[in-house]
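In the two assemblies presented below, chain A is common to both, partnered first by chain B and then by chain C.
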Partner chain A sequence: MMSKIVRTITNILYSSILIFGFYVIMHGHLTPGGGFQGGAVVASGIALVLIAYGYDTIKNWIKKSNLSILESIGAVSFIGVAFLGIGTTFFYNFLANSGSLFGNPTVIGINPGDLNTAGALPLMSWAVGLKVLAGLGSIVLLMAYGIKKGDGE
Partner chain B sequence: MKNYIAFGALLVVSGFFLLSAINMHSFGSPSEEDMDRYFIENAQEEASTNNVVTSIVFDYRGFDTLGEATVLFTAVVGVSLLFRRLIK
Partner chain C sequence: MIEEIIQIVVLLIIIVTAIMAVSFKDLLAAVISLAATSLLLSLEFYILQAPDVAIAEAGIGAALTTAIFILAIKGTVREEEI
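What follows is the complex of A and B.
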(Lines of atoms letter the chains of each structure in order from A and count residues from 1; the text may use other names and numbers.)
(Lines give C-alpha, C1' and ligand atoms only; values in the text may rest on other atoms or scores of the structure.)
Protein backbone atom coordinates (compact mmCIF):
# COMPACT_ATOMS: atom_id res chain seq x y z
CA MET A 1 0.00 0.00 0.00
CA MET A 2 1.35 3.40 -0.98
CA SER A 3 1.06 6.81 0.66
CA LYS A 4 -2.16 8.72 1.21
CA ILE A 5 -1.31 11.16 -1.62
CA VAL A 6 -1.12 8.35 -4.16
CA ARG A 7 -4.33 6.79 -2.87
CA THR A 8 -6.24 10.08 -3.05
CA ILE A 9 -5.08 10.76 -6.62
CA THR A 10 -6.00 7.19 -7.52
CA ASN A 11 -9.49 7.69 -6.12
CA ILE A 12 -9.91 10.75 -8.31
CA LEU A 13 -8.38 9.31 -11.49
CA TYR A 14 -9.71 5.75 -11.39
CA SER A 15 -13.24 6.48 -12.60
CA SER A 16 -11.95 8.76 -15.35
CA ILE A 17 -9.58 6.07 -16.61
CA LEU A 18 -12.37 3.49 -16.64
CA ILE A 19 -14.77 5.83 -18.45
CA PHE A 20 -12.10 6.76 -20.99
CA GLY A 21 -11.30 3.10 -21.62
CA PHE A 22 -14.94 2.16 -22.16
CA TYR A 23 -15.34 5.24 -24.37
CA VAL A 24 -12.44 4.09 -26.55
CA ILE A 25 -14.00 0.61 -26.81
CA MET A 26 -17.48 1.96 -27.59
CA HIS A 27 -16.31 4.41 -30.24
CA GLY A 28 -13.87 2.01 -31.86
CA HIS A 29 -15.64 2.23 -35.20
CA LEU A 30 -15.65 6.04 -35.28
CA THR A 31 -12.50 7.34 -33.60
CA PRO A 32 -8.94 6.01 -33.29
CA GLY A 33 -8.83 3.08 -30.92
CA GLY A 34 -10.91 -0.03 -30.54
CA GLY A 35 -11.19 -3.14 -28.45
CA PHE A 36 -7.51 -3.79 -27.80
CA GLN A 37 -6.62 -0.20 -26.99
CA GLY A 38 -9.62 0.46 -24.77
CA GLY A 39 -9.13 -2.81 -22.93
CA ALA A 40 -5.49 -1.91 -22.31
CA VAL A 41 -6.57 1.48 -20.88
CA VAL A 42 -9.03 -0.19 -18.48
CA ALA A 43 -6.38 -2.73 -17.46
CA SER A 44 -3.97 0.13 -16.74
CA GLY A 45 -6.64 1.51 -14.38
CA ILE A 46 -6.69 -1.86 -12.61
CA ALA A 47 -2.89 -1.78 -12.39
CA LEU A 48 -3.04 1.75 -10.90
CA VAL A 49 -5.42 0.67 -8.14
CA LEU A 50 -3.35 -2.44 -7.53
CA ILE A 51 -0.16 -0.44 -7.05
CA ALA A 52 -1.82 2.24 -4.94
CA TYR A 53 -3.65 -0.09 -2.54
CA GLY A 54 -1.51 -3.22 -2.62
CA TYR A 55 -2.51 -6.78 -3.32
CA ASP A 56 -3.99 -7.55 0.11
CA THR A 57 -6.67 -4.88 -0.21
CA ILE A 58 -7.37 -5.36 -3.89
CA LYS A 59 -7.92 -9.11 -3.73
CA ASN A 60 -11.30 -8.54 -2.08
CA TRP A 61 -12.40 -6.09 -4.79
CA ILE A 62 -11.26 -7.76 -8.01
CA LYS A 63 -11.49 -11.53 -8.09
CA LYS A 64 -9.20 -13.43 -10.43
CA SER A 65 -11.97 -15.97 -11.13
CA ASN A 66 -14.35 -13.20 -12.21
CA LEU A 67 -11.72 -11.89 -14.61
CA SER A 68 -11.27 -15.39 -16.05
CA ILE A 69 -15.02 -15.66 -16.62
CA LEU A 70 -15.03 -12.22 -18.27
CA GLU A 71 -12.18 -13.21 -20.56
CA SER A 72 -13.91 -16.41 -21.59
CA ILE A 73 -17.12 -14.49 -22.27
CA GLY A 74 -15.17 -12.08 -24.47
CA ALA A 75 -13.47 -14.85 -26.45
CA VAL A 76 -16.64 -16.88 -26.93
CA SER A 77 -18.74 -13.89 -27.98
CA PHE A 78 -16.03 -12.77 -30.43
CA ILE A 79 -16.07 -16.14 -32.16
CA GLY A 80 -19.86 -16.25 -31.80
CA VAL A 81 -20.35 -12.94 -33.59
CA ALA A 82 -17.95 -14.15 -36.26
CA PHE A 83 -19.98 -17.36 -36.64
CA LEU A 84 -23.30 -15.48 -36.85
CA GLY A 85 -22.29 -14.27 -40.30
CA ILE A 86 -21.43 -17.78 -41.46
CA GLY A 87 -24.40 -17.65 -43.87
CA THR A 88 -22.13 -15.70 -46.21
CA THR A 89 -18.62 -16.12 -44.84
CA PHE A 90 -16.84 -16.37 -41.51
CA PHE A 91 -16.52 -12.82 -40.10
CA TYR A 92 -19.19 -11.48 -42.47
CA ASN A 93 -20.59 -8.15 -41.27
CA PHE A 94 -24.21 -9.29 -41.21
CA LEU A 95 -25.63 -6.34 -39.22
CA ALA A 96 -24.32 -3.53 -41.43
CA ASN A 97 -27.05 -1.41 -43.06
CA SER A 98 -29.70 -3.82 -41.78
CA GLY A 99 -31.72 -1.24 -39.82
CA SER A 100 -31.51 -3.13 -36.53
CA LEU A 101 -28.83 -2.91 -33.84
CA PHE A 102 -25.88 -0.80 -35.08
CA GLY A 103 -27.55 -0.94 -38.48
CA ASN A 104 -28.18 2.66 -39.51
CA PRO A 105 -27.40 3.33 -43.18
CA THR A 106 -23.86 4.55 -43.71
CA VAL A 107 -23.14 8.14 -44.64
CA ILE A 108 -20.51 8.08 -47.37
CA GLY A 109 -17.90 10.81 -47.35
CA ILE A 110 -16.50 13.02 -44.64
CA ASN A 111 -18.95 13.15 -41.73
CA PRO A 112 -18.75 13.28 -37.92
CA GLY A 113 -20.02 9.72 -37.67
CA ASP A 114 -23.03 7.95 -36.28
CA LEU A 115 -22.61 5.70 -33.24
CA ASN A 116 -25.38 3.41 -34.45
CA THR A 117 -23.62 2.24 -37.62
CA ALA A 118 -20.99 -0.39 -38.46
CA GLY A 119 -23.02 -3.55 -37.85
CA ALA A 120 -21.13 -6.29 -36.07
CA LEU A 121 -17.92 -4.31 -35.59
CA PRO A 122 -18.90 -2.63 -32.28
CA LEU A 123 -20.00 -6.00 -30.90
CA MET A 124 -16.61 -7.47 -31.81
CA SER A 125 -14.98 -4.38 -30.33
CA TRP A 126 -16.76 -4.98 -27.03
CA ALA A 127 -15.87 -8.67 -27.07
CA VAL A 128 -12.19 -7.99 -27.71
CA GLY A 129 -12.24 -5.15 -25.17
CA LEU A 130 -13.65 -7.40 -22.44
CA LYS A 131 -11.12 -10.05 -23.35
CA VAL A 132 -8.15 -7.68 -23.26
CA LEU A 133 -9.13 -5.93 -20.04
CA ALA A 134 -9.74 -9.24 -18.27
CA GLY A 135 -6.59 -10.81 -19.70
CA LEU A 136 -4.22 -7.97 -18.88
CA GLY A 137 -5.93 -7.41 -15.52
CA SER A 138 -5.47 -11.03 -14.52
CA ILE A 139 -1.84 -10.95 -15.69
CA VAL A 140 -1.20 -7.91 -13.47
CA LEU A 141 -3.02 -9.48 -10.51
CA LEU A 142 -1.13 -12.76 -10.86
CA MET A 143 2.22 -10.98 -11.08
CA ALA A 144 1.43 -8.91 -7.99
CA TYR A 145 0.51 -12.11 -6.17
CA GLY A 146 3.74 -13.74 -7.33
CA ILE A 147 5.85 -10.77 -6.16
CA LYS A 148 4.15 -10.80 -2.77
CA LYS A 149 4.63 -14.54 -2.33
CA GLY A 150 8.21 -14.41 -3.58
CA ASP A 151 9.14 -11.58 -1.21
CA GLY A 152 7.25 -12.66 1.88
CA GLU A 153 7.65 -16.40 2.27
CA MET B 1 25.69 -35.05 -38.76
CA LYS B 2 23.59 -32.77 -36.59
CA ASN B 3 25.88 -29.87 -37.42
CA TYR B 4 25.42 -30.43 -41.15
CA ILE B 5 21.62 -30.37 -40.78
CA ALA B 6 21.81 -27.17 -38.76
CA PHE B 7 24.15 -25.62 -41.31
CA GLY B 8 21.83 -26.60 -44.15
CA ALA B 9 18.84 -25.13 -42.34
CA LEU B 10 20.81 -21.95 -41.72
CA LEU B 11 21.68 -21.74 -45.41
CA VAL B 12 18.05 -22.21 -46.48
CA VAL B 13 16.71 -19.65 -44.01
CA SER B 14 19.37 -17.07 -44.81
CA GLY B 15 18.81 -17.68 -48.51
CA PHE B 16 15.12 -16.87 -48.14
CA PHE B 17 15.96 -13.80 -46.07
CA LEU B 18 18.41 -12.62 -48.72
CA LEU B 19 15.82 -13.26 -51.45
CA SER B 20 13.20 -11.18 -49.62
CA ALA B 21 15.78 -8.45 -48.98
CA ILE B 22 16.63 -8.31 -52.70
CA ASN B 23 12.95 -8.31 -53.74
CA MET B 24 12.00 -5.65 -51.19
CA HIS B 25 10.44 -2.50 -52.53
CA SER B 26 12.35 0.71 -52.12
CA PHE B 27 11.55 2.67 -49.00
CA GLY B 28 8.19 4.44 -49.08
CA SER B 29 6.66 2.69 -52.05
CA PRO B 30 3.79 0.36 -51.10
CA SER B 31 4.07 -3.24 -52.13
CA GLU B 32 0.38 -3.62 -52.98
CA GLU B 33 -0.95 -0.31 -54.14
CA ASP B 34 -4.20 -1.72 -55.55
CA MET B 35 -5.16 -3.20 -52.19
CA ASP B 36 -4.57 0.10 -50.37
CA ARG B 37 -6.72 1.94 -52.93
CA TYR B 38 -9.47 -0.63 -52.54
CA PHE B 39 -9.53 -0.32 -48.74
CA ILE B 40 -9.52 3.47 -48.79
CA GLU B 41 -12.25 3.75 -51.40
CA ASN B 42 -14.60 0.96 -50.33
CA ALA B 43 -14.13 0.46 -46.58
CA GLN B 44 -16.67 3.09 -45.58
CA GLU B 45 -19.35 1.66 -47.81
CA GLU B 46 -18.75 -2.06 -47.27
CA ALA B 47 -17.96 -2.19 -43.56
CA SER B 48 -20.19 0.81 -42.82
CA THR B 49 -17.57 2.40 -40.54
CA ASN B 50 -15.87 5.78 -40.54
CA ASN B 51 -12.69 4.25 -39.11
CA VAL B 52 -10.91 2.37 -41.88
CA VAL B 53 -8.44 0.82 -39.44
CA THR B 54 -11.25 -0.79 -37.44
CA SER B 55 -12.91 -2.02 -40.62
CA ILE B 56 -9.64 -3.73 -41.61
CA VAL B 57 -8.95 -5.13 -38.14
CA PHE B 58 -12.42 -6.52 -37.45
CA ASP B 59 -13.88 -7.04 -40.93
CA TYR B 60 -11.40 -7.60 -43.74
CA ARG B 61 -8.74 -9.13 -41.48
CA GLY B 62 -11.02 -10.52 -38.80
CA PHE B 63 -9.28 -13.87 -38.81
CA ASP B 64 -6.03 -12.09 -37.97
CA THR B 65 -7.67 -10.50 -34.94
CA LEU B 66 -8.84 -13.94 -33.83
CA GLY B 67 -5.19 -14.99 -33.90
CA GLU B 68 -4.22 -11.95 -31.85
CA ALA B 69 -6.88 -12.82 -29.28
CA THR B 70 -5.47 -16.33 -29.16
CA VAL B 71 -1.99 -14.91 -28.55
CA LEU B 72 -3.29 -12.87 -25.62
CA PHE B 73 -5.13 -15.90 -24.24
CA THR B 74 -1.92 -17.94 -24.52
CA ALA B 75 -0.02 -15.21 -22.66
CA VAL B 76 -2.56 -15.24 -19.83
CA VAL B 77 -2.42 -19.04 -19.64
CA GLY B 78 1.37 -18.92 -19.59
CA VAL B 79 1.49 -16.40 -16.75
CA SER B 80 -1.10 -18.40 -14.81
CA LEU B 81 0.98 -21.55 -15.22
CA LEU B 82 4.14 -19.70 -14.21
CA PHE B 83 2.66 -18.47 -10.95
CA ARG B 84 0.72 -21.65 -10.24
CA ARG B 85 3.70 -22.94 -8.24
CA LEU B 86 3.58 -19.90 -6.00
CA ILE B 87 -0.15 -20.10 -5.43
CA LYS B 88 0.04 -23.71 -4.24
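What follows is the complex of A and C.
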Protein backbone atom coordinates (compact mmCIF):
# COMPACT_ATOMS: atom_id res chain seq x y z
CA MET A 1 0.00 0.00 0.00
CA MET A 2 1.57 3.26 -1.16
CA SER A 3 0.73 6.87 -0.24
CA LYS A 4 -2.56 8.62 -1.02
CA ILE A 5 -0.94 10.58 -3.90
CA VAL A 6 0.09 7.39 -5.69
CA ARG A 7 -3.36 5.84 -5.19
CA THR A 8 -5.18 8.93 -6.52
CA ILE A 9 -3.00 9.09 -9.65
CA THR A 10 -3.51 5.34 -10.13
CA ASN A 11 -7.31 5.74 -9.94
CA ILE A 12 -7.15 8.37 -12.69
CA LEU A 13 -4.61 6.63 -14.94
CA TYR A 14 -5.24 2.89 -14.87
CA SER A 15 -8.42 2.87 -16.98
CA SER A 16 -6.66 4.93 -19.68
CA ILE A 17 -3.70 2.52 -19.68
CA LEU A 18 -6.01 -0.50 -20.01
CA ILE A 19 -8.01 1.11 -22.84
CA PHE A 20 -4.81 2.07 -24.69
CA GLY A 21 -3.50 -1.49 -24.36
CA PHE A 22 -6.72 -2.99 -25.75
CA TYR A 23 -6.63 -0.37 -28.55
CA VAL A 24 -3.11 -1.50 -29.52
CA ILE A 25 -4.27 -5.15 -29.57
CA MET A 26 -7.44 -4.35 -31.58
CA HIS A 27 -5.57 -2.31 -34.20
CA GLY A 28 -2.70 -4.79 -34.46
CA HIS A 29 -3.16 -5.28 -38.21
CA LEU A 30 -3.34 -1.53 -39.01
CA THR A 31 -1.03 0.45 -36.72
CA PRO A 32 2.33 -0.24 -35.02
CA GLY A 33 2.02 -2.72 -32.20
CA GLY A 34 0.03 -5.90 -31.92
CA GLY A 35 -0.72 -8.67 -29.48
CA PHE A 36 2.57 -8.67 -27.59
CA GLN A 37 2.89 -4.88 -27.26
CA GLY A 38 -0.74 -4.34 -26.23
CA GLY A 39 -0.60 -7.21 -23.75
CA ALA A 40 2.55 -5.73 -22.21
CA VAL A 41 0.83 -2.33 -21.85
CA VAL A 42 -2.22 -3.95 -20.15
CA ALA A 43 0.09 -5.94 -17.85
CA SER A 44 1.90 -2.72 -16.89
CA GLY A 45 -1.50 -1.30 -15.87
CA ILE A 46 -2.04 -4.37 -13.68
CA ALA A 47 1.43 -3.87 -12.17
CA LEU A 48 0.63 -0.20 -11.44
CA VAL A 49 -2.55 -1.14 -9.53
CA LEU A 50 -0.67 -3.92 -7.72
CA ILE A 51 2.12 -1.59 -6.55
CA ALA A 52 -0.26 1.21 -5.55
CA TYR A 53 -2.66 -0.93 -3.49
CA GLY A 54 -0.47 -3.79 -2.27
CA TYR A 55 -0.94 -7.54 -2.59
CA ASP A 56 -3.43 -7.95 0.28
CA THR A 57 -6.00 -5.65 -1.35
CA ILE A 58 -5.42 -6.80 -4.92
CA LYS A 59 -5.73 -10.54 -4.30
CA ASN A 60 -9.51 -10.16 -3.94
CA TRP A 61 -9.77 -8.35 -7.32
CA ILE A 62 -7.42 -10.34 -9.58
CA LYS A 63 -7.27 -14.08 -8.99
CA LYS A 64 -4.18 -16.01 -10.07
CA SER A 65 -6.39 -18.92 -11.23
CA ASN A 66 -8.41 -16.58 -13.48
CA LEU A 67 -5.19 -15.34 -15.11
CA SER A 68 -4.07 -18.94 -15.68
CA ILE A 69 -7.43 -19.74 -17.36
CA LEU A 70 -7.07 -16.60 -19.54
CA GLU A 71 -3.53 -17.62 -20.56
CA SER A 72 -4.72 -21.10 -21.55
CA ILE A 73 -7.64 -19.62 -23.51
CA GLY A 74 -5.17 -17.44 -25.44
CA ALA A 75 -2.88 -20.34 -26.37
CA VAL A 76 -5.73 -22.71 -27.29
CA SER A 77 -7.57 -20.13 -29.41
CA PHE A 78 -4.35 -19.23 -31.29
CA ILE A 79 -3.81 -22.86 -32.28
CA GLY A 80 -7.57 -23.28 -32.82
CA VAL A 81 -7.76 -20.40 -35.32
CA ALA A 82 -4.71 -21.87 -37.05
CA PHE A 83 -6.41 -25.29 -37.27
CA LEU A 84 -9.69 -23.81 -38.62
CA GLY A 85 -7.91 -23.21 -41.94
CA ILE A 86 -6.57 -26.76 -42.12
CA GLY A 87 -8.82 -27.43 -45.16
CA THR A 88 -6.20 -25.61 -47.27
CA THR A 89 -3.07 -25.32 -45.12
CA PHE A 90 -2.18 -24.81 -41.45
CA PHE A 91 -2.52 -21.06 -40.59
CA TYR A 92 -4.58 -20.47 -43.78
CA ASN A 93 -6.39 -17.11 -43.56
CA PHE A 94 -9.88 -18.50 -44.17
CA LEU A 95 -11.74 -15.31 -43.14
CA ALA A 96 -9.99 -12.85 -45.51
CA ASN A 97 -12.29 -11.32 -48.22
CA SER A 98 -15.13 -13.59 -47.10
CA GLY A 99 -17.55 -10.74 -46.31
CA SER A 100 -18.22 -12.00 -42.76
CA LEU A 101 -16.25 -11.16 -39.58
CA PHE A 102 -13.16 -9.04 -40.47
CA GLY A 103 -13.90 -9.99 -44.10
CA ASN A 104 -13.92 -6.70 -46.04
CA PRO A 105 -11.57 -6.54 -49.04
CA THR A 106 -8.40 -4.54 -48.34
CA VAL A 107 -8.48 -0.94 -49.60
CA ILE A 108 -5.71 -0.16 -52.10
CA GLY A 109 -3.73 3.10 -51.87
CA ILE A 110 -3.22 5.68 -49.13
CA ASN A 111 -6.15 5.45 -46.68
CA PRO A 112 -6.76 5.65 -42.94
CA GLY A 113 -7.28 1.89 -42.77
CA ASP A 114 -10.41 -0.23 -42.41
CA LEU A 115 -10.69 -2.09 -39.09
CA ASN A 116 -12.95 -4.76 -40.60
CA THR A 117 -10.27 -6.34 -42.81
CA ALA A 118 -7.42 -8.87 -42.58
CA GLY A 119 -9.47 -12.00 -41.78
CA ALA A 120 -8.03 -14.19 -39.05
CA LEU A 121 -5.15 -11.85 -38.11
CA PRO A 122 -7.12 -9.75 -35.53
CA LEU A 123 -8.36 -12.96 -33.89
CA MET A 124 -4.75 -14.14 -33.57
CA SER A 125 -3.76 -10.68 -32.23
CA TRP A 126 -6.40 -11.05 -29.53
CA ALA A 127 -5.21 -14.56 -28.69
CA VAL A 128 -1.59 -13.43 -28.34
CA GLY A 129 -2.69 -10.33 -26.40
CA LEU A 130 -4.72 -12.38 -23.89
CA LYS A 131 -1.84 -14.80 -23.41
CA VAL A 132 0.78 -12.06 -22.92
CA LEU A 133 -1.33 -9.96 -20.53
CA ALA A 134 -2.23 -12.99 -18.42
CA GLY A 135 1.34 -14.31 -18.41
CA LEU A 136 3.06 -11.02 -17.51
CA GLY A 137 0.29 -10.16 -15.03
CA SER A 138 0.71 -13.47 -13.21
CA ILE A 139 4.51 -12.98 -13.17
CA VAL A 140 4.08 -9.64 -11.35
CA LEU A 141 1.39 -11.14 -9.06
CA LEU A 142 3.62 -14.10 -8.13
CA MET A 143 6.54 -11.72 -7.50
CA ALA A 144 4.39 -9.72 -5.02
CA TYR A 145 3.19 -12.95 -3.39
CA GLY A 146 6.78 -14.19 -2.94
CA ILE A 147 7.93 -10.87 -1.43
CA LYS A 148 5.04 -10.91 1.06
CA LYS A 149 5.73 -14.53 2.02
CA GLY A 150 9.41 -13.69 2.57
CA ASP A 151 8.42 -10.80 4.86
CA GLY A 152 6.44 -13.02 7.21
CA GLU A 153 9.22 -15.50 7.85
CA MET B 1 20.78 17.78 -39.63
CA ILE B 2 18.28 18.51 -36.83
CA GLU B 3 17.58 14.77 -36.48
CA GLU B 4 21.26 14.02 -35.86
CA ILE B 5 21.42 16.69 -33.17
CA ILE B 6 18.30 15.27 -31.44
CA GLN B 7 19.74 11.75 -31.62
CA ILE B 8 23.09 12.84 -30.15
CA VAL B 9 21.36 14.70 -27.30
CA VAL B 10 19.08 11.72 -26.52
CA LEU B 11 22.00 9.26 -26.58
CA LEU B 12 24.05 11.52 -24.26
CA ILE B 13 21.15 11.69 -21.76
CA ILE B 14 20.82 7.87 -22.00
CA ILE B 15 24.50 7.49 -21.07
CA VAL B 16 24.16 10.00 -18.20
CA THR B 17 21.09 8.23 -16.75
CA ALA B 18 22.78 4.82 -17.10
CA ILE B 19 25.82 6.08 -15.16
CA MET B 20 23.44 7.53 -12.56
CA ALA B 21 21.70 4.15 -12.24
CA VAL B 22 25.02 2.48 -11.48
CA SER B 23 26.40 5.12 -9.12
CA PHE B 24 23.34 5.86 -6.89
CA LYS B 25 23.52 4.39 -3.38
CA ASP B 26 19.73 4.63 -2.90
CA LEU B 27 18.15 1.60 -4.63
CA LEU B 28 14.84 3.32 -5.47
CA ALA B 29 16.65 6.24 -7.14
CA ALA B 30 18.78 3.79 -9.14
CA VAL B 31 15.67 1.92 -10.35
CA ILE B 32 14.01 5.19 -11.40
CA SER B 33 17.18 6.16 -13.33
CA LEU B 34 17.01 2.77 -15.07
CA ALA B 35 13.36 3.49 -15.99
CA ALA B 36 14.42 6.86 -17.42
CA THR B 37 17.10 5.09 -19.48
CA SER B 38 14.47 2.70 -20.87
CA LEU B 39 12.04 5.51 -21.66
CA LEU B 40 14.71 7.53 -23.51
CA LEU B 41 15.78 4.36 -25.34
CA SER B 42 12.20 3.92 -26.54
CA LEU B 43 12.22 7.56 -27.69
CA GLU B 44 15.42 6.80 -29.61
CA PHE B 45 13.73 3.77 -31.23
CA TYR B 46 10.85 6.05 -32.24
CA ILE B 47 13.25 8.57 -33.80
CA LEU B 48 14.87 5.69 -35.72
CA GLN B 49 11.35 4.94 -37.14
CA ALA B 50 10.73 1.67 -35.28
CA PRO B 51 7.50 2.48 -33.38
CA ASP B 52 6.77 -1.23 -32.89
CA VAL B 53 9.96 -1.75 -30.90
CA ALA B 54 9.37 1.56 -29.10
CA ILE B 55 5.98 0.41 -27.72
CA ALA B 56 7.48 -2.92 -26.59
CA GLU B 57 10.44 -1.16 -24.94
CA ALA B 58 8.20 1.36 -23.17
CA GLY B 59 5.87 -1.38 -21.93
CA ILE B 60 8.42 -3.97 -20.84
CA GLY B 61 11.52 -1.90 -20.07
CA ALA B 62 10.06 1.22 -18.52
CA ALA B 63 6.97 -0.15 -16.79
CA LEU B 64 7.15 -3.86 -16.00
CA THR B 65 10.81 -4.21 -14.95
CA THR B 66 10.46 -1.07 -12.81
CA ALA B 67 7.41 -2.59 -11.12
CA ILE B 68 9.25 -5.88 -10.47
CA PHE B 69 12.33 -4.03 -9.13
CA ILE B 70 10.15 -1.90 -6.82
CA LEU B 71 8.42 -5.04 -5.54
CA ALA B 72 11.84 -6.58 -4.87
CA ILE B 73 13.05 -3.42 -3.07
CA LYS B 74 9.93 -3.53 -0.84
CA GLY B 75 11.25 -6.89 0.42
CA THR B 76 14.54 -5.34 1.61
CA VAL B 77 15.40 -3.18 4.64
CA ARG B 78 17.32 0.11 4.59
CA GLU B 79 20.81 -0.02 6.00
CA GLU B 80 20.15 2.85 8.44
CA GLU B 81 17.17 1.10 10.03
CA ILE B 82 18.96 -2.12 11.00
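Details
In the analysis below, the second predicted complex is superposed on the first by the 153 of 153 C-alpha atoms of A that agree within 3 Å, B and C clash if a C-alpha of one lies under 4 Å from a C-alpha of the other, contacts with A are read in each partner's own complex, and residues count from 1 in each chain.
The rule is short, and it goes like this: a residue touches a chain if its C-beta (ideal position, glycine included) is under 8 Å from a C-beta of that chain, and two chains touch if they have at least 3 such contacts.
Only a predicted model underlies this, so the values are computations on that prediction, with no experimental measurement involved.
Taken together through their common chain A, the two structures put chain B and chain C side by side without a clash.
In the superposed model, A:135 makes contact with chain B only, not with chain C.
By the touch criterion stated above, A:9 is placed in contact with neither chain B nor chain C.
Applying the stated contact rule after C-alpha superposition, one finds that A:143 touches each of chain B and chain C. Touched residues of chain A, counted separately for chain B and chain C, are more numerous for B. In the overlay built on the shared chain, the residue A:36 is in contact with chain B and with chain C.
Contacts of A:118 after superposition: chain B is touched, whereas chain C is not reached. Look at A:101: by the touch rule set out above, it reaches neither chain B nor chain C. By the touch criterion stated above, A:24 is placed in contact with chain C alone, chain B being left untouched. In the superposition on chain A, contact of A:44 is made with chain C only, not with chain B.
Taking the Cα centre of chain A as vertex, the centres of chain B and chain C in the superposed model span 70°, given to the nearest 10.
Annotation: superposed on chain A, chain B and chain C show a minimal Cα-Cα gap of 9 Å. Residue overlap on chain A between the chain B contacts of one complex and the chain C contacts of the other covers 32, 34, 36, 136, 139, 143, 150.
Contacts from chain A toward chain C in the complex involve residues 24, 32-34, 36-37, 40-41, 43-44, 47-48, 50-51, 136, 139-140, 143-144, 147, 150-151. By the touch criterion given at the top, residues 28-32, 34-36, 71, 75, 78-79, 82, 90-91, 93, 96-97, 106, 108-109, 111, 113, 117-121, 124-125, 128, 131-132, 135-136, 138-139, 142-143, 145-146, 149-150 of chain A touch chain B in their complex.
On the side of chain C, the complex with chain A involves touching residues 51-52, 54-56, 59-60, 63-64, 67-68, 70-72, 74-75. Residues 44-51, 53-55, 57-59, 62-63, 65-66, 68-69, 72-73, 75-76, 79-80, 82-83, 86-87 of chain B touch chain A in their complex.
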